[in-house]
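Two complexes follow with chain A in common, the first pairing it with chain B and the second with chain C.
Moving on, here comes the complex of A and B:
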């Protein structure tokens, strides 16, 4: 079965298929199964421990990086993986929060991740609280070397910014979009003043309108259990999920007057323009979308 | 001290949080890494907490109790002297017990399908859908009759009982199992009424009406 899109923005990109530990105990005779771009994938560890991923009987270029498996489905030579140097920084704690299925376009999942405006209404009491609803001005730019989007100087009042936060803070944020389906958030670490914790959002596109959203924490945190840190992230993501699944169209519109934009949506506007300039088609709503 | 072995996105854990909150009981939440860690299937959990590897589990002092419905019965029997939640009446308790069993049908159907779509767990979706619709149809028919009287709640009570709490989470989370509730109007009125009870608390996927 072929992959369901030829869009080079997807095919010529590193796509995640989940946490590397999913392969534990899986061999060529007993492979692990998952899906990507409406195709079935089989994966396992070779006797040497190397991860192998196969689609349609063909091995895909595969990388194990940041605790995750990444595959390249394009014809050309794979380009370098994006950098996440914080992953290897001493003193940081790595916690994989796993993947959660969402019935919408992966582009909407990333766009929602970039949006601070919904915090007081959807994540009431944790990431925001009415009447602290104003998104202060911030700036965005596209890095000329890497092509990544950065949103800088973001800050937002948060009653409980993370599982270990003891009280409300004006949380400092930076957002980063490395690839159309891969983003990261850098936010003030409650446990290490001046430092930033990192949350990676790695979206595995199952098709145009279904994804598995994987969340990775790269934190300064030595008190809480993994289960407590995961519970907090699942609470946040579980609140976003019904909102994401109720949005119509499921695919993200990139042009026309379908959805109006405001100043507070600068990161979203930048993301949509960045996708449009790349000629993104997969996961995008067009007049021809069925 | 009451402790709850809890997972944030579990509707069965949420029903205990809901009753504990309505009873005004303070308790300690012990988060269990249900996904992705499958901590509820770890040797330590199976040996010391619940041999069935299921959540929630309630610990009240040295009394350990598994099974969400059993925990509802225990909490209401022990901590609700006014007997709103588990009235001491033979017919009412008969009907409540019937709906506690129905709650297990919702777990086998709606919750199983929701875990399939959310956590990529194996499930026979056709069987889940069939059982879910049969169960929701039964609830809708019953509620339509009750709502024509002053005894509008599932077990024919004037106020919500643990029958309503037991069946509420996975009925309200049906959309996450890709089940459309539009064909169950009485059930939708009941969900609305539950959410608007004084002191209601939400969970991810079930909105607080105040928002």
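Moving on, here comes the complex of A and C:
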């Protein structure tokens, strides 16, 4: 079975297929199964412990990085993985929150992740609260070396910015888009003034309109249990999921009059322009798509 | 949108008049001022129906022009409907965006607007015209009379098939989507809503309110009618 897209923006990129620990106990005789780009994948650990991933009987270039499995489905030589140096910083707590299926384009999932304007309405009482609705001006730029998008100088009033937050703060944010389906958020750490916690969002595209969204926490946090940190993220994601699945079209329009943009949507418009300039087609709405 | 072009054209052709006309979409009492919007489907076009504090009924495309979330998930606030996702507020009547909470101190550009449809109430029903204006289209129900809403029932068959089955059951079409006849010897009026190319909603009205004991019998007759329609073959 071939992969469902030839879009080089997807095929020539590192795509996650989930947390590396999913392979624990799996062997070539008893492989772990998942899906990617409408194709079946089998994965296991070799006797030496190395992760192996196969599609259509062919072994895919595979990396184990940041606690996740990443595969390369393209023909060309894989390019280097994006950097996430915070993952290896001493004192950081690494918590994988697992994957959540979402019936929409992965591009909509990333765009929602980059959006502060919905906090008071969708994450009421935690990430935002009416009347604190203003998205103060911030800036975005595309890094000339890495090609990554950065949204900088973002801040937003949050009644409870994380599971351990004791009260409302004006949370400082930086957003980063490493690849069309991977993004990260750097936000004020409630436990270490001046430092930033990192949330990674790694989207596994099952097809144009279905994904598994994986969330990784790279936090300064030594009080809370894994379970309470995961529960907080699941609550937040559980609030986003029905909104994401209600959007029509499910695929993201990159141009045209269908959706209006304001200055408060700068991260979204930067992301859409960046995708348009790359010639992104996968998960994109056009006049022809259903 | 695409669905509107392809389906309403064919649906209208199948219906005595090729010109667009008023479609029944909900009983008027279903829409109360201050209550949340009601989602419905007309010719495969999702609609958000709501009543403003001023009392006028609104029929809007069920899609926020900002990020395409259904407006029927939003909140009615007086004469405005606020989107569930970012709280953008749209005004009754013209559907114009009048507030963007993320930018509270900025004027809202005039071009941000929900697509609205002509809508009117006529004898207990809400009627929608799927075009920019209704022009001088004939009134939805040319022989209006006092009626009492009984219930709405979806029927899993296309409109043409429902029309044929209603004729078979002794009903007569008075105007597009308007039928008169009897159920269990009780005179009734049916308004047929072409929800999609595959299924419809029948809105049942009585000439007067039936006695409580009779009401259950009437509903049973209505369900039997649906069963009979759904048992017919495609025309």
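Criterion: the second predicted complex is superposed on the first by the 290 of 290 C-alpha atoms of A that agree within 3 Å, B and C clash if a C-alpha of one lies under 4 Å from a C-alpha of the other, contacts with A are read in each partner's own complex, and residues count from 1 in each chain.
The working rule: a contact is a pair of C-beta atoms (placed from the backbone, for glycine too) under 8 Å apart; a residue touches a chain by one contact, two chains touch by 3 or more.
Computed from a predicted model, the values in this text were never measured in an experiment.
The superposition on chain A brings chain B alongside chain C with room for both. Of the two partner chains placed by superposition, only chain C is touched by A:133; chain B is not.
Look at A:235: by the touch rule set out above, it reaches chain B but stays clear of chain C. Of the two partner chains, chain C is the only one that A:248 touches; chain B does not reach it. Touch criterion not met for A:191: it reaches neither chain B nor chain C. Legend: residue contacts after superposition of the two complexes on their common chain; A:12 is shown touching neither chain B nor chain C.
When the two structures are aligned on the shared chain, A:226 is found in touch with chain B, with no touch to chain C. Of the two partner chains placed by the overlay, chain B and chain C both lie in contact with A:121.
Taking every C-alpha of chain B against every C-alpha of chain C after the fit on chain A, the minimum distance is 7 Å. Put simply, chain A uses residues 121-122 to touch chain B in one complex and chain C in the other. Across the interface of their complex, chain A is touched by residues 46, 63, 65-70, 73, 84-87, 97, 100-106, 109, 111-112 of chain C. Considering their complex, residues 19, 34, 96-101, 103, 121-122, 124, 212, 225-228, 230-231, 234-235, 237-239, 241-242, 245 of chain A touch chain B.
Taken together, the chain A residues at the contact with chain C in this complex read 116-118, 120-122, 130, 133-135, 243, 246-249, 258-264. In the complex of the two chains, the chain B residues touching chain A come out as 6-9, 31-33, 35-37, 39, 117-120, 175-176, 178, 203-205, 207-208, 211.
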